[in-house]
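What follows is chain A paired twice: with chain B in the first complex and chain C in the second.
Our next item is the complex of A and B:
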C-alpha cells in the first residue's frame, strides 16, 4: 500500500507516524506523573493530619445517620417544619433573585464593552475585562464579611456581595457568548444604516439570548446557594436557620431545611431546562 | 452621478483594490466580474462604508461619501442598500421584522428597538414581500427559510430602505439555479421599475452577460474591462478569470444561461 504512494505523501505519512508516537509517549508520561503526584499528595496529607484518614473515614457517616435517626424520632409532625421554614427559604430566594437581576443587568453592560466584536477600542475592552476580573476574583463570602463588618448584620451586605460577584462572573460568560455570535446579521443591519444600539439589540441579543438565559438561571441557582451560605455569617434567611439548627443539633429541623434547599435546586433545574427549550424553539 | 476616483485599499502589503476609477452617469445594471480575491467584494463594501478605503474618493451627486461619519454615514448606508451572499438576515427574528428593519435608520433607535412599527411600515413590508411571493412566510423565523427564500427576504429588506442604489455582493453564489434566476430577475425588475443603479458582483460570466447593461472586469484589484457585455471577448474574459476560467465559463453553474424562452419551455 505504502509503496504505491507518491514520495511526498510517504514523507507526510512518516511524519504523522512519528508525531503519533511522540504523542503516545507524552500521554503515558503525563498519566504516570499524575499518578505519582496524587500518591505523594496522599502521603503528605496522611502525615499532616491529626488522625489518619483510615481512622476518620468510618466516622464520616456518623453525622448523616444521626440526622436521619433524629428526624425519625421527631415523628409525623416533621412535615410541619417544612412550612415553618418556608418563609426563610423565600427570603433567601428573594435575596438571590434580587441580586441575580441587578447582577445580570450589570453583567450585560460590562459584557458589551468587553466584547472585541462590538468595541473597536482595545483599551476599552481591556479596562472592562479587568473590571470583570476584579469583580469575580473575590468570593462572595469575602466581600460579604467585609461589608457585614462595615454595614452591620442584614441582608444588604450579602446582596451587594452577590451582585458584585455575579456581574463579574456572568459578564465574562456573556461576553464569550457575544463574541461567538455570527457577524453576518450584524453586518446586514449595519448595511441598512442601523444605529450601534439597534445592531446590538437585533444582531447580538437575539442570537445570544438563549445562552444569556441559561447562564443567568445557572447563576441564580448558584446565588441561592451563595445566599444560603451568607446566611451562615449573619445575612439572615434559611442559611442562618440551618447554621443555628446544626449548632443546636436539632436533627429534624436540619433535615427539613436541607430538604427545602434540595427541592428548590431541583425545581429550578427543571424550570431552567424548560425555559431554555422554549426559547430556542424546541417547544413553542 | 456616481464617480469613483483612484480608490485604493491595502490589507498589509496586499492591494485588494488598486487605483479603481469609474463613473456611472445614468441608472445602470452593472455586473462586476473577476476571480475570487480580485477585490470585487472589497469594492462594494467600501461603497456601502462597511469597510474604510485606504485612499481615494467616491462622489455621489458631488458629495464624497467616504468622508461621511456617524449619522451622515448611516444616512448614506440607508440610501445604498446591500445584498449579501450569505443573506445576512437576523436568523431568530420573523421575516416581517427583518424586512421592516430596513427602515431602522429612519425609525430611530428607540422605536426600532422596541419594535414600535407603524401600520404603514407593516403594509410596505408586506407589499414588498408579496411582490417576491414571500408574503405567506411573513411570520416565520428567517432561519426556517431556504437560501433562495432568505435572499428574496433580503431583497425586500433592501427595498424597504427606499435606496438610491443597490449593491449586491455575490447575490446568487450560494443559491440553486432556479432561485438564482428568480433573484437575478427581481433585481433586474427593480432596476427597471425604480430606475436605480444596481452593482452586482457576479462570479459567472453568463449571468453577467444575461442580466447586465455593463460589465466591469476586475483583476488583482484593478479594473481591466469596462464596457457593454457584447464587447467582452472570450479571450479577455479568460484573462480576467485566470485559473478559474473553466468554472466561470461553465454554463451549468447557473441555468440563467438557458434564457427566458428555453426556461419557459422546460418548465
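Our next item is the complex of A and C:
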C-alpha cells in the first residue's frame, strides 16, 4: 500500500518515524542518566556518611517512636506543655512578622530602583540588582551567626538577618512584578503631567499590589521557618526551646514544641494559600 | 465641567466612600501600633548597648588583615618569639640567643639596633624597640618624644614619660596598651611584652607557613610547575603545588572545598530525588488523571504532611537515624520537596487544558498515551522551572542543614565562628557560599530561559496565567 503513496509522503513518514525514534531515545537516555546520577550519588554518600543507609533506614522511626513513648509516659499533663511553650511560639512569630514587615518595606524601595521601566539610568538598576543579589544569596544563618557573635544572644541578630534576606529575595520578585506591569496606565498618567511619584503610586503600585501581597504572605511563611531555625543557634523563641529540650532529652516537651510548630506551619500554609488564591483571582 | 460638577455627577467614582477610608486608616494605624510593640518587645532600641564599634571593627579587621606577633618575656629577654598570628606552629623566629646572631628566617621589618635591641618597624613610620630591661616607642604619630616603658620594683609596668601622654595609651593596673590605630598595638604586661603588627590581605592563602613552596609565591610556583627543577626531589612540582595548596594548614582548602562540594551534592541529589518522586506521585493526586478519590486524598494529605513537618524537624529525625553525613541533608531536602513539588505539580496537572488530551484521545490513544502527550507537554515547563528554582534555594538550605549537624560547609562555618578567632576563614567560607549560591542562581535562570523561553515568573504567577488562558 505504501508504494501507492507519493514519494514525498513516504519520505515525510520515514522522517517522522526517525524523529520519533530519536526523541524517545533521548528521553530514555536522559531518564537513565538521571537515575544513574542519583544512584551513583547515593553510593558516594554511602561512603561519606557516618552510618550506612541500610543501618539508618530501619532506624528512621526510632526517634519519633522514642518521642511518642516519652510523651505517653509523661501522662495527661502533656496538654499543659502546649500552653507553656505558647509564649515562645508567639515570640518566634513576632520575630518573623516584624522582619517581614521591615524587609518588605526595604524590598519595595530596592525594587523600584532596580526596575528598568522606572529608572532610566542603567548603572543604578545594575547596582541595586547586585545589592539585592548579595542580600538574597547569603543564607540567613550565616549573617545571623556572625551577628550573634557580635551582639550577643538575643532576637535582634535573627531579625536583622531575616530582614536582609527578605529585602533581597522579595526585592527581586517585586522588581519582576513591576517590570511586567502594563505600560498604558503609566503613559496615561505621564500624559496628564503626573510626577514620578504619582506615576508609581497610581500607575505601578495599583497594578502590582496583588502580586506584592502574594509574595509577602509567602515570604512570611518562609520567615517563620527561618526564625525557628535561627532560634536553634541562639536567637531565642521556640527554636531555642526545641534545641534545649532535645539536648536534655525531654521527649514530652520536644514533641509538644514540634506539635506547636507543625500546626502553626500547616495553619499558615492553608491560610496563605487561601489569601494568595483570592488575591490573584485563582479562588474557585 | 468644573470640579464641583464632576463631584456631583460622578460621585460614585470620584469620592472615596467614608467606610473604605476608615478601613485603610485603621489598617495603617494597626500596622504602626504593631511596629511599635514589636520594636519594644524585640529590644530593637537596645541595639546601641550591644553594638560595640570597637569589637566590630576588630572583627572586621580580622577578616581582611592578618597580624604578626612579637613576644618577649621579661624573665628571658634574649628569647624573642616572632610568629604569625601568635601560632606556636608558625614562628618566624623561635626562642634564640641574640649572641648567636639573627636566625635564618626573620621578617624584613625586624632588625637589630646599635645596642643589641630588637627593632620592629611599623607602617606608620614608628619603631618599637625591645631592650633587655625596657621597651621604647619612637617616632610614633602625635608624639615627638620617645616613650619608655619599664617594670617598677613591684613588677608592674609603668611609663617613664608621665606628662602629656597621647590619648591612645591606656594604662590599667596590670597592663599598658598602646594602640594609635587599628594596625599597630603594643601591650606591656608584668610578665611579657607583646607587639602586634597588622598587614592587609590574607597571608599564606596559597601555601601555609611551613610549605616548601611558600617562599616562591603562587605565580612563581605555577610557573615552576611547568618548568624548572624539582623543589622536592620525590614529587613533581605540579603535584606538590596541588598537594601543598589543598593541605594548607591555615586555610584548610582541601577540607573546605570538599565540604562545599558535599553541600552542593546534598542540594543536587536531594532536589533530583524529590523531582523523581514528586513528578509521578503528582499524577496520582490529580483528579483528571486518577479517578479514585481515596488514592487522591491519601496522597494530598501525604504531601501536606511532608511539607508541613518542617525541614528542620525532618533533619533532626534524620540526624538520629543516619548520623552526621550527606544522607541527612539529601533526605531532608528530598522529603520536604517531594511534598512541595507533588502538591504544586498536581495542581498544575489539574489546571491543564482538556482539549489537548481530548485531541490525543480522538486518535484512539489509550490513557497512558493521552497523559503522555496531552498533559506532560503542558506541565513540563513549570516542572523544570520549579525544580531549578528549588535547586537554588536548596543550596542555601543545605548550608543550614549542614550547620545543624549534617556536615558540609555549614558545619565548617559554624566551627570557624565558634572559635571566635579565625574570622578570615569565616570570611573566606562566606564568600565561597555566596559565590556558589549566585552561581546556582544564574545557572538555573539560564537553563530555565534556554528550556522554556524568557519565563522568569514564580510558580504562583505561572499557575495564574495557565488558568486565565
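Basically, the second predicted complex is superposed on the first by the 240 of 284 C-alpha atoms of A that agree within 3 Å, B and C clash if a C-alpha of one lies under 4 Å from a C-alpha of the other, contacts with A are read in each partner's own complex, and residues count from 1 in each chain.
The criterion applied here is as follows: contacts are C-beta pairs under 8 Å (C-beta built on N, C-alpha and C of every residue); 3 or more make two chains touch, one makes a residue touch a chain.
Remember, predicted model here, so these are calculated numbers, not experimental data.
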Touched partner set for A:176, first chain B, second chain C, both or neither: second
Which of chain B and chain C A:198 touches, first, second, both or neither: first
First, second, both or neither for A:246, with chain B first and chain C second: second
First (chain B), second (chain C), both or neither touched by A:189: first
Larger contact residue set on chain A - chain B or chain C: C
First (chain B), second (chain C), both or neither touched by A:207: first
Chain B versus chain C as contact partner of A:41, first or second or both or neither: second
Footprint overlap on chain A, where chain B in one structure and chain C in the other make contact: 281
Contact footprint of chain B on chain A as seen in their complex: 182, 184-185, 187-195, 197-198, 201-203, 206-207, 209, 281
Contact footprint of chain A on chain C as seen in their complex: 31, 34-35, 38-39, 41-44, 46-47, 50-51, 55-56, 59, 262, 265, 268-269, 272-273, 276, 304, 307-313, 316-318, 320-327, 330, 396, 399-400, 403-404, 410, 413-414, 417, 420, 426, 430, 433-434, 437-438, 441, 456-458, 460-461, 463-464, 467-468
Of chain B, residues touching chain A in the complex: 48, 50, 73-78, 81-82, 84, 86-93, 101-105, 108-109, 112-113, 141, 154, 157, 161
Contacting residues of chain A [partner chain C, same complex]: 34-35, 37-38, 41-42, 44-46, 48-51, 53, 56-57, 59-60, 62-64, 91, 94-95, 97-98, 101, 133-134, 136-139, 141-142, 145-146, 149-152, 154-156, 159, 173, 176, 180, 211, 214-215, 218, 225, 228-229, 232-233, 239, 246, 258, 261-262, 265-266, 269, 276, 280-282
